[in-house]
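Presented sequentially are two complexes of chain A, the first with chain B as partner and the second with chain C.
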Partner chain A sequence: MSKRRMFFKMITASLLRRRSRMLIALLSIAVGATILAGLVTVYVDVPRQMAASFRSYGANMLLMPGEKKALNRESTDEALSLISREKLQGASPYRYISAEFMGNQTGEGKYSSQLKFMTAGTSFDEVQKTSPYFAVEGRYPEAPREALVGKNVAATVGVKPGGNVRLAYDRVKTVAAGQTQRELQGSAPGYYDAEVGATVLLNEDGTIAAVAMDLSRQTPFRVAGLTTDSFTDTYGVAHAESFTDQFIGKQIPLTMSASADDLDEYIDAVSGATASCKAVVDAVNAASETGTHSAGQQITDTERAAMSFTVVGILETGGEEEDYIYLSQRDMEDLTDERDVYDVVELSVSGSSEELSALAGEINEKTGLEARLVKRVTKSEAGVLGKLQALVFLVTLVVLVLTMISVSTTMTAVVSERRKEIGLRKALGASDGSIRVEFLGEGLFLGLLGGVVGAVLGYVFALVVSRRVFGSDLQFNFLLVPATILVSMLVSALSCLIPVKRAVAIDPALVLKGE
Partner chain B sequence: MLFRMIKGALLRQKSKMLLIALTIALGASLSTSMINVMLDVRDKVQEEMKAFGANIIVKPNDSTLLGDMYAIEDEGSAFLKQSWLKEEELGKIKEIFWTFQIRNFAPFLNVSAETDTGRPVQLVGTWFNHHLSLATGEELDAGVKDLRSWWDLTKGEWIDESEPDALNQVMLGKDLAGELGLTEGDTLTLNGRAASRTVTVRAVFDSGEDADAQIWMPLDLAQALSGLEGCVGTVEVSAITEPDNELSLRAARNPGGLSAKEWDQWYCTAYVSAICYQITEVMSNSTAGAVRQVAEGEGAILEKTELLMIMITALSLVGVALGISNLVTASVMERAQEIGLLKAIGAKDKAVTGVIMAEILITALFGMAVGYFMGLGFAEFIGRQVFAASIDIKPIVIPIVAAAISLVTVAGSLPAIRMILKTDPAVVLHGSKA
Partner chain C sequence: MSLLEIKNVSKIYGELKALDDVSLSVEKGEWVAIMGPSGSGKSTMMNIIGCMDKPTKGQVLLDGVDISKESGRKLTEIRRDKIGLIFQQFHMVSYLTAVENVMVSQYYHSMPDEKEALEALDRVGLKQRARHLPSQLSGGEQQRVCVARALINHPELILADEPTGNLDEANENIVLDLFRQLHREGTTLIVVTHDPEVGEAAQRMIVLEHGRVAREVVNESFEA
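For the complex of A and B:
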């Protein structure tokens, strides 16, 4: 029998014969290894997982238009492509306008309230990711023409979920004058001391190029029955483009007619709003020249658009969002008639504050947009996250040290029991070295077995923690498997050697006698 | 006789018993420290969370929207005059039922003024480290120094209100400072609605928010410039709160709808809605609301941290239990010959079990006593290192740890003793192991 075979036979025989003791030792090492593998995995993975939880504080980065770069879908996508997918928790684009509140009754009511609210167009799917703290009574808008209304706004205008808000926005249009045009302004009296104002642009040949009505001086005056199911105020009708568009191409003075006519200069009045239509025509006819626009000059013109929205939710945040009205991006585009324009994009990105500053710098440089960190969130997060990491680190350290000592005491107890065996072998002529090597082998073997079992159980523990606490999957570091096995072999071998060394040092006679 | 036997065993087998005591001490210290840390982690982490700023905002009733909406800058209009909070009532915030839950608070007064060149600037009057002596005899420094922990001062220092010339100092947001070309030590003249003052720039700050375009100054200075003596616009309060539950949410919507019993329970729990309610009770003409961004984020983090600590504690307790019972089993098995001998000379099973159990339990008791204090040491170490504060020691941990460890010790030794007792003494004494 070769020496090596004898060595293995001795170890396996010893392990088998002393099943119950070895089982105890093995169990103890496995428990130690489980704690080691489990806690270290949790410790390594906690910052990533916690950082994701911190995103419940909301956006930590803002994208804004750069000096030479507009913020829109394309430039936002360009910036987002620089952020790794798993780090980006959400990105909500916002377009802000100041819209005038036009009433909250159902229908087409069109009167000015002088009450203006900040109105935002956004993507509600993304808002729920970047601002998880938004509390909505009712629900988020899903269909077109639905709105989410801030709590303060709702209280001011007295609207509840299911109610209506009508919003008006003065679209600003820039047109280049195709030819030299003359600008005329005039006014005429209307109902109830109202004054109807008109601004008219005339082409070189004297035909009307454009008409803009001054809405600020109108008085709400509504008549029933204009449309089948609603109220409309007569000036609203008379001021509408559908009416004034007939003026274009005609010459001043205009003539009113109540019925369709084939005469060029005749204007069809809107039935039911004849008096108001007449006042508008009078104002245009009374217009006198105030200036000229030369060809190619940019002219801005405002055009009022109004839309009704069903309120489906009331927003409560405790912050300034309660003073806002939120619309979907599509509705905002329809209201403003401006496509693909963002004022700001709120990003929620997980990562340390250094990573975030580096990322912001990269976005600034590569896309020309301005990326800014929300310091209140990033800085505070870094502080608290640091503490939590330190907590888990120290706890892990204390648990590991205590567990390893406990493993080695058990191993020591198991080995001490075999002092007599050691004495006997020594008496039979075994060298100290050979005894040590044999016990070392036994210890290493137990460590290996316990380490493998522990690495598996530790992974299971970390997985359970990850799922239960953070509700996400684990990123397992496979280097940890050999590390766990190595540490358990080391601990078990060391704790075997100490009692063996002591036993070997004593005279075999004393050991055998049991002193 | 029993006593002598136990004493003998303990003394004779010193090293073996020492090993048991050591392991039990380690186990006890681990469980003591982990349970203590786990029970206190919520408070400690919440203390850290104050970095995120105030979680309650107090505003005057019904005024806020109008001011914001119309961008009314004319603070003197009679209508708005009625809707300020009163500065003299601020101290009462610290005198409500939940006074100890109030960590800090600061008043704000937003007004406007013009510089010498006629450029309009936004001013924010507030407390920096305002010293308060309350009617209750308590003294505290309240102010934004802690409530704006994320600010970086690019130049200079925070205004110290205990200095006599603090009333002529301001802090400039970095954007405004850049635009006006001012830095620490420079002076500028502010023309307010009611008065003009020449002030010194004490610091330039980088807040990453709107404040970067504002001038922050002591409340008294802002009041003097605008002629709004004694008036406060909003108050930010940072409070330690309990997480919301069904009751508190219901109460927040309508405190009047609670039954008397529910009311008591709600009022006497530190829910954010209860604290808000109590603040509105002491501040006249006010409404208080939770800042959901801070409250929700805090709740989420706290819950996760606590759950994480519970899991880690559970794992280490399982480890402790297995470690102790393992060792005890091993040490009982080691004494198989002794047990066999006792049985061979006629000892009853009960007596043998009693002697050995008593030995082990007495050893365990020593281990536990030592371990408990070691555990307090570990908990203190963790608290100091991580949070720079002691972990609160809960007496309830003592019976829990004592009961758990005794149970584990008994569970580890009894089956082993039984097994040996069942075996024929001859086999045991012969040394062939089962």
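For the complex of A and C:
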């Protein structure tokens, strides 16, 4: 038998054959190692857990249109491509409109009142990722023409899942969009000399790009007691695109004609009320330049659209979302007749606040969109994490010290219990060095056993903590097993230093005589 | 040259002279009993011969080496290499088997050798009990294991402290028979005892009284 084998035989026999006392030391180390491994597991896993918990309080990054960049499907995809797939937990595009509530019956019922609700078009799959705290009574919309209605909205209009809402939206129509256009304004007398205004956009080649009429000053006649009906023609002109469409492409001065054959050149005098038509043409002809339009500016007009939706869910969040109506992206696009346009995209991205700021900066720079961190969440996340980690660290330290004290006490007791044996060993020729090595060896072996037990129990402990506190499983960190064992061995060896010193000091002569 | 030569050794604890100018020598192969009542200085003598204490005055030569001047570490080495110890209370490592206890001595001396250790146990008639723990052995059996342990490294000197003090007569005789056998084989034995029967088994008795050698008795009837 080699010397080394005898050494291991002695220290293992000491632990395994004299169980009672060593069991206490082993227990101390195992308990210490358990708490250590558990806390460290939680410590390591907490940032992940916390990040997940915090994410459930909403998105942590917003994408908004940049100064010179519109937010749409294309620019959103461009921004999302900068975020790694593992980090992106969800991205919910939102298109917000103010929609008029037109009753909760399918039919063309009367307006109950002038109720307007903020209405959002979004992707419900993504919403469930970025806003997991949304509590829905009923379900999320799945089919076309289904709506999720905020709790307050539902209460206001008295609708329940299975009910119905009809929404109207004034579509904003782009009449014209130019590059560099000159704007002219003019006016001419119309009905009863009421002034009719016209705003004209001229293309660079002098052709008319768009005409908008201002018939508002004819209103005094209504106030004067005339019936509205006598002005339907004028009112009609104001909204008749077919009338103003004729102007486009022509040049000032315009001439009116009653003949439908000459429409390439002349304005059709019959398409609107004659007086109004003439007044508009006069106004256009009288227009003088008031300024230029830069690229992107638009002249718009509105068109009313109305659609009915089946309410499938009532949304409860405790926040302002309860004042909203949510539609699918597709339904929103149908209602607004606009494709792939978003007002904001809510992102849920995992990462530290530093990583998120860097990412936001990168998106701003590369896409021209405005990426903004939802600061309240990310900052508090970092703050709470830091505090929690400091706490765990402190507790770990205290546990380590307590373990050390406990093991040290036990080992000291073990040494005095084994004074005779130590004396005997010395009498048999053991040097101080061998006594030291043997006791440290026992300590290390104890640490090894305790560490193994602790690593296993610690994982279980951490799992329980994780499930109880965070309600989720944790990732098993294999590195933690050797780390726990090493630390236990170290702590155990350190705890043995004082007892070993006492062991070395024992006088071999005590084995003589019948003490 | 004598194996052990003690010249004018005194050991003084404060006022008390535990040993007072003692001189004696033990030849190689000799069997000597050191006797005397309690307080006569037997234990002090034992400690000094066993390299576990140093005299205040005088010289102790063990196998030609002056152990009265050596450092603790050196004394441990000398004890390990030259002396086999047997104790009144046996002192076995409680959690090791008989054969392992013998091997502990080998371990500190040189190399554990189970075969040799088993042979040593065979010699004291305990081969069958080699795998037993001390708690499973009788006092006599334990002391025989200790004799085997003392022998295992072939020491120059076997130093026994009241080896039969805790044994009944039958076991005492077994141990004394072992000593006789060792003596025949040429082992030097120093037995410290206050038991006349054990003392008389030796070749020569040195009787201590009040820290001095009171008398020396050569056992005329000693049979090798």
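To be clear about the criterion, the second predicted complex is superposed on the first by the 260 of 515 C-alpha atoms of A that agree within 3 Å, B and C clash if a C-alpha of one lies under 4 Å from a C-alpha of the other, contacts with A are read in each partner's own complex, and residues count from 1 in each chain.
Everything that follows uses one rule, which is that a residue touches a chain if its C-beta (ideal position, glycine included) is under 8 Å from a C-beta of that chain, and two chains touch if they have at least 3 such contacts.
The model shown is predicted, which means the values in this text are computed figures rather than measured ones.
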Partner chain(s) touched by A:508 [first = chain B, second = chain C, both, neither]: second
Between chain B and chain C, which makes contact with more of the residues in chain A? B
Once chain A of both complexes is superposed, is A:288 in touch with chain B (first), chain C (second), both, or neither? neither
For A:27, is the partner it touches chain B (first), chain C (second), both, or none of the two (neither)? first
Common ground on chain A, meaning residues reached by chain C in one complex and by chain B in the other: 17-18
Under the definition above, what is the set of chain A residues touching chain B in their complex? 17-18, 20-21, 24-25, 27-28, 31-32, 34-35, 38-39, 42, 46, 50, 53-54, 56-58, 115-117, 131-135, 152-153, 155-156, 316-320, 323, 372-380, 383-384, 387-388, 390-392, 394-396, 398-399, 402-403, 405-407, 409-410, 412-414, 416-417, 461, 464-465, 468-470
Residue numbers on chain B that touch chain A, as the complex places them: 15-16, 19, 22-23, 26-27, 29-30, 33-34, 37, 41, 45, 48-49, 51-53, 57, 64-65, 68-70, 149-152, 206-209, 289-297, 300-301, 304-305, 307-309, 311-312, 315-316, 318-320, 322-324, 326-327, 329-331, 333-334, 378, 381-382, 385-387, 433-434
Residue ranges of chain A touching chain C (in the complex, touch as defined): 1-3, 5-7, 9-10, 13-14, 17-18, 420-421, 423-432, 434, 507-509, 511-515
Okay, in this complex, where on chain C does chain A touch? 43, 46-47, 50, 52-53, 73, 76-77, 79-81, 85, 87-89, 91-96, 100, 103-109, 111-114, 133, 149, 161-162, 165-166
